Amino acid sequence: MATIRLLDDNELDDRARAVFDDIRKTRGTDFINNFWRALAHDSALLERTWQTIKQVMAPGALDPLTKEMVYIAVSATNGCDYCIHSHTASARAKGMSDAMLMELLAVVGMANETNRLANGLSVPVDDVFKVDAD
Amino acid sequence: MATIRLLDDNELDDRARAVFDDIRKTRGTDFINNFWRALAHDSALLERTWQTIKQVMAPGALDPLTKEMVYIAVSATNGCDYCIHSHTASARAKGMSDAMLMELLAVVGMANETNRLANGLSVPVDDVFKVDAD
Amino acid sequence: MATIRLLDDNELDDRARAVFDDIRKTRGTDFINNFWRALAHDSALLERTWQTIKQVMAPGALDPLTKEMVYIAVSATNGCDYCIHSHTASARAKGMSDAMLMELLAVVGMANETNRLANGLSVPVDDVFKVDAD
Amino acid sequence: MATIRLLDDNELDDRARAVFDDIRKTRGTDFINNFWRALAHDSALLERTWQTIKQVMAPGALDPLTKEMVYIAVSATNGCDYCIHSHTASARAKGMSDAMLMELLAVVGMANETNRLANGLSVPVDDVFKVDAD
Amino acid sequence: MATIRLLDDNELDDRARAVFDDIRKTRGTDFINNFWRALAHDSALLERTWQTIKQVMAPGALDPLTKEMVYIAVSATNGCDYCIHSHTASARAKGMSDAMLMELLAVVGMANETNRLANGLSVPVDDVFKVDAD
Amino acid sequence: MATIRLLDDNELDDRARAVFDDIRKTRGTDFINNFWRALAHDSALLERTWQTIKQVMAPGALDPLTKEMVYIAVSATNGCDYCIHSHTASARAKGMSDAMLMELLAVVGMANETNRLANGLSVPVDDVFKVDAD
C-alpha cells in the first residue's frame, strides 16, 4: 500500500507525460511500473530520476548487466523489497541466470558479514591500502 | 585504534598459523593485512572466514573482478572504511580502472537514492516482477 | 503479523492503562495505534517511549511539522514500513502536502546517494568544516 | 585518506572545469570542497550531482534550511562522517543554532529507536494509516 | 513472494539433499523452513551457510539463547522481516520469555538512538576507551 | 572532531550539572566521557538519555553484560565507532573476555550475512514462525 496514490496516464502533467513517453519508447513496451507512477507526483523528480537512470545504467566502463547486479547488491543490503524485485527482473532480462544470482548474493552476504567484523573490531586500515598517499 | 590487539605471527595458535600460511601461499606474498591479525584471536572464526572468502571470491558464474566491485558496493553502502580500502585495492590489482570505480559508485549512489524513494513511498511491487509466481 | 500479540484494552496493567489514557487525552481520540498495543507488554518501555515522544516532538527550536518530516526521512532511510506509514499520516495531519512529501523524499534520496559517494571514495573532511576546532 | 586522488584545478577536463566555475559562482567563493575534487574524476557524475543538488536544495515547497537539516538526519542515520560535517556547516551558515541541531538530533535518535521497536516486533500497519486505499 | 522458486525435496542435487538430511537430523524434525529451500539453488552456498550456522550458534563462550537474542538484535536493526520472525521463534524455543524479548528490544532501540547521537555529533573516542593502545 | 564543542564542567546549566553529578555518583568515578559532554548542550536531551540508559541497562529479565553485548552488536551493525569503543570497554569491565567478544562478533557477522540472503531472495516468512496468529 503506497503512501501516495499511483497516478494513471490521464492524471499526468505535460512534463511527466513526456517522461512516460520516453520510458515507453526506450524500453519498447507500453508498460510503466509503479515506481514511476508514484514519482509522477513531482515531475521534476520524475524527469531527473529517469534521466539519471538512463545515463548511469548505460554501457560505459561497466556493462549493463554488471550494473544491474550491483543494483541488486545495494538493494539487498538496504532491504528495499521493491528494488530487489524490479532489478532482479531487469538483470534476468539482461541474461542473469539463477547461478549468477546465487553467487552474487553469496558475495553480498559475505561482504555484509566482514563489514561488521572489521567495524566491530575497529581494524585500522593498513598503510598499503592507502594507495593515494603519494 | 582496534578494540582488540592485532596479533603478531609469534602469538598464533596452530590453527591460526596454518591459515596465515595458506593466505601467504595463496596470495604469493608474505604480507598479512590487519583484518586477519584481528580475527586471529578466534582461530575457528579466522579459518571459516578465510575458507569462505576463498570459495566465494573464486571465479564461477561471476568473474573475480565483478565480485570485488560488488564487495565495494556493499561496503560503501554500509560505510565500512576498512573494507572500502582493502577491496578497492584488491579490485585495482585485478584491473579496475579509475573510470570503472567512478561508474561503479555512480550506480551505488543511484541505487541508494532510489531505494529510499521506493521505500519512502511504499511503492507496491508490480505483479510482473513476481516472476516466481507460478 | 507481529512477533508478539497486540494487547486489548482489558489486558493492560495499571501503568500501561495510564499511558493509554494519556495518549487518548493528548490526541483527542479513542483510537490507539498498533505500535502502542505491542509496546504495552512492557509498561516501563511503553511509558518511557510515550513520554519521550511527547517531549521530542513538541514545538521547541523546531516546529512539529519539521520534526515529523525528519521522522519520515529517517524511517525511509532505515526502511521501517510501519514508521513511514504512521509518520506520513501524522505529517499530513499537520499540513504536509503531496508536493512537500515529494520534495522531502527528493532530499532524502539525494542524501542517501551522496552519502555513498563520499563514503565510497573515503573523501577526507575539509578543515573548514571542522568548525569546532577552536 | 581518499581511495582516489583529489584533483587540483589544473587537472580538470573542460566539463569538470565548467562545473567548478559554476560552484564558485553560485556560492560566491573560490573554495571547492574535497567532495567535488574526488567526483571530478568522472565529469558526467560531477555535473549530474551538482545540477541535482542545486535543484533539490533550492527553495520550493520546503525551505533550504529545512532541507539541510533533513540532509543531516539522513547522514547521521547512515554514519557518513563527511556529509555530517559538510551539511552541519551548511545548515549553520543558513541559520541553524546549536539548540536547533540538538533538537534535530533528538528526533533523529528517537526515530532510529522506534524504527527498531516497530521492525523488531513486526507491528502491522494500522488500516487508518493506509490513506491511499481509496 | 521470493525472487527465486523455493525448491521441493525432489528437486535437490546430492549435496543439497545431504544438507537437508543433516538439518532434519540436527533439529529432530522433518520441517525445512523456506530460507533453506531458497538457498538450495546453490548447494555450495547452502552447505557453507548451514555448517557456519551450526558452528556459530553452538554453545561456547556464549550460550545459544544469548546468541539467538544477538541475532534478533541485528535483524531488527537491519529490518530483515524473515530473520526477525525465524530467530524470535528460535529464541522462544530456547526459553526467551515475552519480558526478555521486550527488554532486548529496549536495548536495541536505545543503542540505535545513541548510535545516531554519537555519529551526528561526531563525538571523538575518549582515550580511556582505546584499551588496546599499549 | 565533533560538530559541536564538548562542554567543560564550568559551562553546564543546573539541569546538566545535576546529570553529571548523578553519572559520577552512579559510576563511582569523576570521569565523564565525551558523549555526555556533547549532549550537555541540550540538558533535556542529556537528562532523558541518561535516565533511559540507567533504566534500560539495569538488571532485569536480562543481565547487564548481555545487554552490553547486544549494544555492541547493534553498534557494529550500524558502524558507530564511538559506541563500539565505549560499549566494548563497558562490556569488558563487566567481565567480557576476548573469546566472548570474538564469538559475539561471529554471530553479528553471520546475522548480517543471512539478513541479506533472506532479503535478497525475498524469502516468504513460514507460517510456523507466525506464532501470534492465534
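As written, the chain order gives the labels A, B, C, D, E and F, with residue 1 at the start of each chain.
Basically, a residue touches a chain if its C-beta (ideal position, glycine included) is under 8 Å from a C-beta of that chain, and two chains touch if they have at least 3 such contacts.
Nothing here was measured: the structure is a model prediction, and the numbers come from that model.
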Chains touching both chain B and chain C: A, D, E, F
Chain whose mean Cα position lies farthest from chain D: E
Classification of the chain C:chain D interface as same or different, half of numbers criterion: same
Chain A onto chain C, rotation angle from CA fit, given as a multiple of 5 degrees: 120
Greatest separation from chain F - chain, by CA centre: A
Separation of mean Cα positions, chain B and chain A [Å, integer]: 20
Distance from the mean Cα position of chain E to that of chain D, given in whole angstrom: 33
Distance between chain centroids, defined by C-alpha means - chain B, chain D (Å): 26
Residues within chain F bordering two or more other chains: 1-4, 39, 45, 52, 75, 77-81, 84-85, 88, 99, 102-103, 105-106, 108-110, 112-117, 119-122, 125, 130-131
Topology of the chain contact graph, where touching chains are joined (line, ring, star, complete, other): complete
Complex contact set, residues of chain C against chain E: 1, 3-4, 39, 41-42, 45, 49, 78-80
Chain B partner contacts - residues on chain F that touch it in the complex: 79, 84-85, 88, 98-99, 101-103, 105-106, 109
Chain C contact footprint on chain B (complex, rising order): 72, 75-77, 79, 81, 84-85, 105, 108-110, 112-117, 119-122
Of all residues in chain A, those that touch chain B in their complex: 1-4, 6, 31, 33-35, 38-39, 45, 49, 52-53, 56-57, 60-62, 66-67, 69-71, 73-75, 77-78, 80-83, 85-89, 92, 97, 99-100, 102-104, 106-108, 110-126, 128-131
In the complex with chain F, residue positions of chain C that touch it: 1-5, 44, 48, 52, 55, 125, 130-133
